[in-house]
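Note that the chains are named A, B, C and D in the order they appear, and that numbering of residues resets to 1 at the start of each chain.
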Amino acid sequence: MNDTDRTGLWLVGARGSVATTVATGLAMMTSRAHGRDGLVTELPVFVDAGLCPLDAIVTGGHDVSEAPLAKRAAALADAGVIPASALVLVGDELDRADERLRRGYDPEEEGQAEGVQRLADDIREFREREGLARVVVVNVSSTEPVAQDDPAFESLAELESAWAAGRSPLPPSSTYAAAAFLAGAAFVDFTPSTGARVPALRELAEREQVPWGGSDGKTGETLVKSVLAPMFAARALRVRSWSGTNLLGGGDGATLADPDAMASKAVSKARGLEAMLGYPVEGPVHIDNITDLGDWKTAWDNITFSGFLGTRMTMQFTWQGCDSSLAAPLVIDIARLADLALRRGESGPMTQLGFFFKDPVDSEEHQLFTQLDSLGRWACAS
Amino acid sequence: MNDTDRTGLWLVGARGSVATTVATGLAMMTSRAHGRDGLVTELPVFVDAGLCPLDAIVTGGHDVSEAPLAKRAAALADAGVIPASALVLVGDELDRADERLRRGYDPEEEGQAEGVQRLADDIREFREREGLARVVVVNVSSTEPVAQDDPAFESLAELESAWAAGRSPLPPSSTYAAAAFLAGAAFVDFTPSTGARVPALRELAEREQVPWGGSDGKTGETLVKSVLAPMFAARALRVRSWSGTNLLGGGDGATLADPDAMASKAVSKARGLEAMLGYPVEGPVHIDNITDLGDWKTAWDNITFSGFLGTRMTMQFTWQGCDSSLAAPLVIDIARLADLALRRGESGPMTQLGFFFKDPVDSEEHQLFTQLDSLGRWACAS
Amino acid sequence: MNDTDRTGLWLVGARGSVATTVATGLAMMTSRAHGRDGLVTELPVFVDAGLCPLDAIVTGGHDVSEAPLAKRAAALADAGVIPASALVLVGDELDRADERLRRGYDPEEEGQAEGVQRLADDIREFREREGLARVVVVNVSSTEPVAQDDPAFESLAELESAWAAGRSPLPPSSTYAAAAFLAGAAFVDFTPSTGARVPALRELAEREQVPWGGSDGKTGETLVKSVLAPMFAARALRVRSWSGTNLLGGGDGATLADPDAMASKAVSKARGLEAMLGYPVEGPVHIDNITDLGDWKTAWDNITFSGFLGTRMTMQFTWQGCDSSLAAPLVIDIARLADLALRRGESGPMTQLGFFFKDPVDSEEHQLFTQLDSLGRWACAS
Amino acid sequence: MNDTDRTGLWLVGARGSVATTVATGLAMMTSRAHGRDGLVTELPVFVDAGLCPLDAIVTGGHDVSEAPLAKRAAALADAGVIPASALVLVGDELDRADERLRRGYDPEEEGQAEGVQRLADDIREFREREGLARVVVVNVSSTEPVAQDDPAFESLAELESAWAAGRSPLPPSSTYAAAAFLAGAAFVDFTPSTGARVPALRELAEREQVPWGGSDGKTGETLVKSVLAPMFAARALRVRSWSGTNLLGGGDGATLADPDAMASKAVSKARGLEAMLGYPVEGPVHIDNITDLGDWKTAWDNITFSGFLGTRMTMQFTWQGCDSSLAAPLVIDIARLADLALRRGESGPMTQLGFFFKDPVDSEEHQLFTQLDSLGRWACAS
């Protein structure tokens, strides 16, 4: 990596909780006002990977909201997500970051074909204006409903004909993915959306020779699952039921109050357990919007299992985490790692990023430490 | 391994909960009355290790109690540790196993020098009478107080002079270790005792060319710790406190009501967390005797941690496990693996068994999956 | 009360878990094989109420299933709901109880008008054959969907015209209530059904001068709520959210897997919190069928509250209860208390029974100790 | 009560967390900057009691520390105990309150006889300077070790001879109680100290005709116990074990790291359960100092119980409370109620205050709602 290279981190949903925490955190860390807890890419295992330094990352992004970043940051400070001191220490930097944000895609206002071009232009313009070597687009916008199948998903040719015919077949997340690809940027979906996986977009990424990945950041209950399920397996203990309840408020909680968005999230969360254990396990996963909790999530899991001679036992855990605080450093990690893939000229699905996701693209590996091993090996391979 | 080889599993504390569950379980599994859940050595990773079959294991052992095995089994069935059907299905087999048990060592009755010889003779006689190829001794007797240092521990020569002078410097667990070594058997301590680690006994094991290991079976709270602590580390989350409370009754609970025995256990439990995280963490670990719980243990852990920009979060877990049911299959696993070491002519500390222990001998590795990897590689190496 | 009086306890759903536990428990207690834990009417406060003795209670009932009581009892013993010894000790008595059971009402087989008459005849015949002074009918059948409104509910006259016209407007639970009233028996609904509350049935009870009550036995999460909510109120702490998850299997769990039955139960559970606190509180209550749990229910509640100067705090509880074991003694308590009401010639809604119910008829009082006070005062009033 | 009456609240430990929260809260509420959540005396039941208005309460007190109130308030705001806005809104008022504080009693510096006189003079001077109608002294200083018995405790005469002889037999808390009595003030111990209960001090209170009470504010685990234990009793469920772990930091946590202070607290917490249930229950109560938790306490209780036919069940709860925030309004409640007792000319032990305490003086009643009933009746009696 050239020492003066700078990398763009373009956030879709750039005014949301996660994105605002990312922008604040980058500013705090590069101004030395805070340490690097929570950043996986600062672990010793990544020391030889030659990742881009934090102060070489420039943020920008799209959002359909126009609420100022500083205002969102103030709300996050009130809720205890970020330190109150940040408002003073990096307020100016947030205002500058705000100027790099652009209007998101709204299907009511723009046709999809034009939208994709306009979004891609925004990304290209960001790269040029800021003199960036590479750009990584990460989607941290509101969870969208599971997309309805459409014949236009089947190939790039069919998608392009649909666009030519004035149709808008893609869900919003895929619109951003298409724009990223066209602009030569990497694209990673941190939300549960899997829209980038349809054949038409896979083809587009291949044609543009860019890497892409996702989806659904693994920050709480599923993170714990990804070490506990292998623990039961390692001890030959049979998991008989695994029930989970997630209570959360905030923007994400409000979105998930919509049953369609919820469905998308629940599907993503349920994946993995069977893959890790090798057999299906009964038990629902609930996600409830409790406005009083704000950005804080409380998850409770009840696991029944049996062992030697069939004896029944129980384990329960409670997780009280701050979602945006857990997600933000991972978004930065992902940006650094996707930047590395771009620099290496890799393209196609980044299966090495499974460590970060509930629903890792093109991978059935859900065990956290196995995922970390693969990631470390990939990052340090030269 | 010769197809007709049979292996002896000699249990110290052979009439206790764990030992009785081992004997009942072996009988149930070999009579096809029950499956093999809980047995780690039945996992696919051990398929090529050529471990001795379950029906080639013959049990025997020492105990200072004379309560019949069948009676202990009835109590365990009442408590739900083993299925009630076992009493009928394998009652005869338990009576036969009972006849293979011998009187344990009581310092009030025997000098230590004679005691060691007598115990070793019991083991030799067991091997000959039953026509066994090899014998593994596993200590599952009551937790003993932490041993006082003694100059006789420093070398085999000094130990032998002490014995010659009529002194009895070793704690009971080491007396059994010495007897095992003299009889050419492997010795593994499943209790918190670390007596086998003193220089004098290390020398003896070396002289007799036998393998040995331990200590303190990892079956509950510490098992969970060994996957959760690495999870926090993998995500660069800083653990700020980790407090634990263990409630248990049964024989083990009653023993641990003695503060000296408790101290031994608590020390063993505390090890590991700092090793896994790389820094010390505040927080006590309590072990309380609650007779009402019988063999069932309830552990509750409260973990506080911080992440990105210092945000504080909390995780808690509750573990309601049946201790003897969790421990018994591991004792069988250990017997099969130590048998393999004997067969391979290995001697000295079996560091590959760390997967099973809270306080693994000569190892600072406490991460469960790293331990399982090492174990699997060792077992399948030819 | 005449010393030789005997009272009939007629159970609707007489072959279910709760009913079988009632029959087994009565047999165990009257044969002195077991003590009286769990029976509220054995508390000192009821000593002067002159309730009928346990050995003066004779059970009978309706069920649409034909599975023998003894078989259900065996399943309950396996699951740890009742002691295994009961199968031997009171097996004969269960077989005799079985002979007192009659075929339940199935709308596919019988018109409702005839059905009601036939059910009432069964009850009358039970009273005469057994020489009973009074009969109390308690509904412990499967939870039914919330009933659709029907004009026939509005008055007894309209109900009778509907029947005359060959219509079957009542839900099953109300059919049993009507039969009980016609037979001069008290009727109490232990299920969430509120069918007995419609004007037509109120009139019928009035005409027949019988007491009636319900509904939905308060045995777990709601029981705890009925003391914790008043605790927060007594300390002027503001409850901000109260979320609950109930995991259960068994017959009841299976029924509640039907979303309609579930709706009925959830409504009943939600009542009360607002009444106790004086303001509405956000938070869903889930009921999930986890077959692995059998008759054991695990409930987890997460409560957020604020106090002085608005400081936010949290409380959580986990309840691991055996539903049938908690419900059965209450059914016996209710039988003794409704018998007292009958003996005193009281009729209409038994609001004094609110202590037992999640959704007490004609009462807004949900605080457990206030309810117990009222009940005790009523019972001991002469 | 005369409309212009003002009442003094004299706090021992006036610079501690609880006391600082009291002072801040009074200032916030009287300046209308905050509502009255957490204040029991604002509940409807006390409306007719004629309690002194909040803005008629003037604070003062003793402390051995000299740290400014404003500094302590800043630390409490950082920890989330009080709102950050309070520092600005009522900072001036805190500085004024600071000027009303006096140097506490240090046995190294003063003889006890002189000390008592000096402390009493401070209280008298406070009453006169501020023109107060009455003064209530509440002890919220650090928990002190359980006091050693001394013959001087046995009567006022013996205490006075001991003082005359230059001895200092009383523990610090009793020194403040004696001073309060001499100054004609009511005295209430919010700490676990029971020093005011010895015969010598009872006599002194009687002679001075002042009321007194305590001890150990019931703010967390014990509060919950005082409604759950009666719940089990009301349902005839047999509690078999009740184990508790309390994790807390802050000043109180640090003090309790001293085993002697801890012993005092643990004794106080253990009282009550047997009284509420009518039989002894096994299970330890731990109190651990976890500095990372600051003023936030996490308590975990595990309760095993059995019901009908002996079936075993379990309940657990976790309480995450802010100790000072829970305690402060109760201190204000106590001041208002003791003020009422003074106004009514009552003297001797205030048994009506049991609602507030883990270890209520001269009372075996521990059930929260029974305590609230008594308190309400006493307060509203004219």
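Everything below uses one rule, namely that contacts are C-beta pairs under 8 Å (C-beta built on N, C-alpha and C of every residue); 3 or more make two chains touch, one makes a residue touch a chain.
Just so we're clear, the structure is a prediction, and the values are computed from it rather than from any experiment.
A count of C-beta contacts for the chain pairs B-C and B-D puts B-D on top. Chain centres here are Cα means. That of chain C falls 44 Å from that of chain D.
Averaged C-alpha coordinates give centres for chain B and chain C that are 50 Å from one another. With each centre defined as the average position of its C-alpha atoms, the distance from chain B to chain D rounds to 49 Å. For chain C, residues touching at least two other chains, in rising order: 80, 314, 316, 318, 320. Taken chain by chain, the contacts link every pair, so each chain touches all the others. Of all the residues in chain C, the ones that touch chain A in their complex are 240-241, 243, 245, 247, 282-284, 286, 288, 290-293, 298, 300, 302, 304, 314, 316, 318, 320. Taken together, the chain C residues at the contact with chain D in this complex read 21, 24-25, 28, 34-40, 42-43, 80-83, 86, 223-224, 226-228, 230-231, 233-238, 306-311, 313-322, 325-326, 328-329, 355, 367-370, 372. Residues of chain B touching chain C in their complex: 80, 84, 318.
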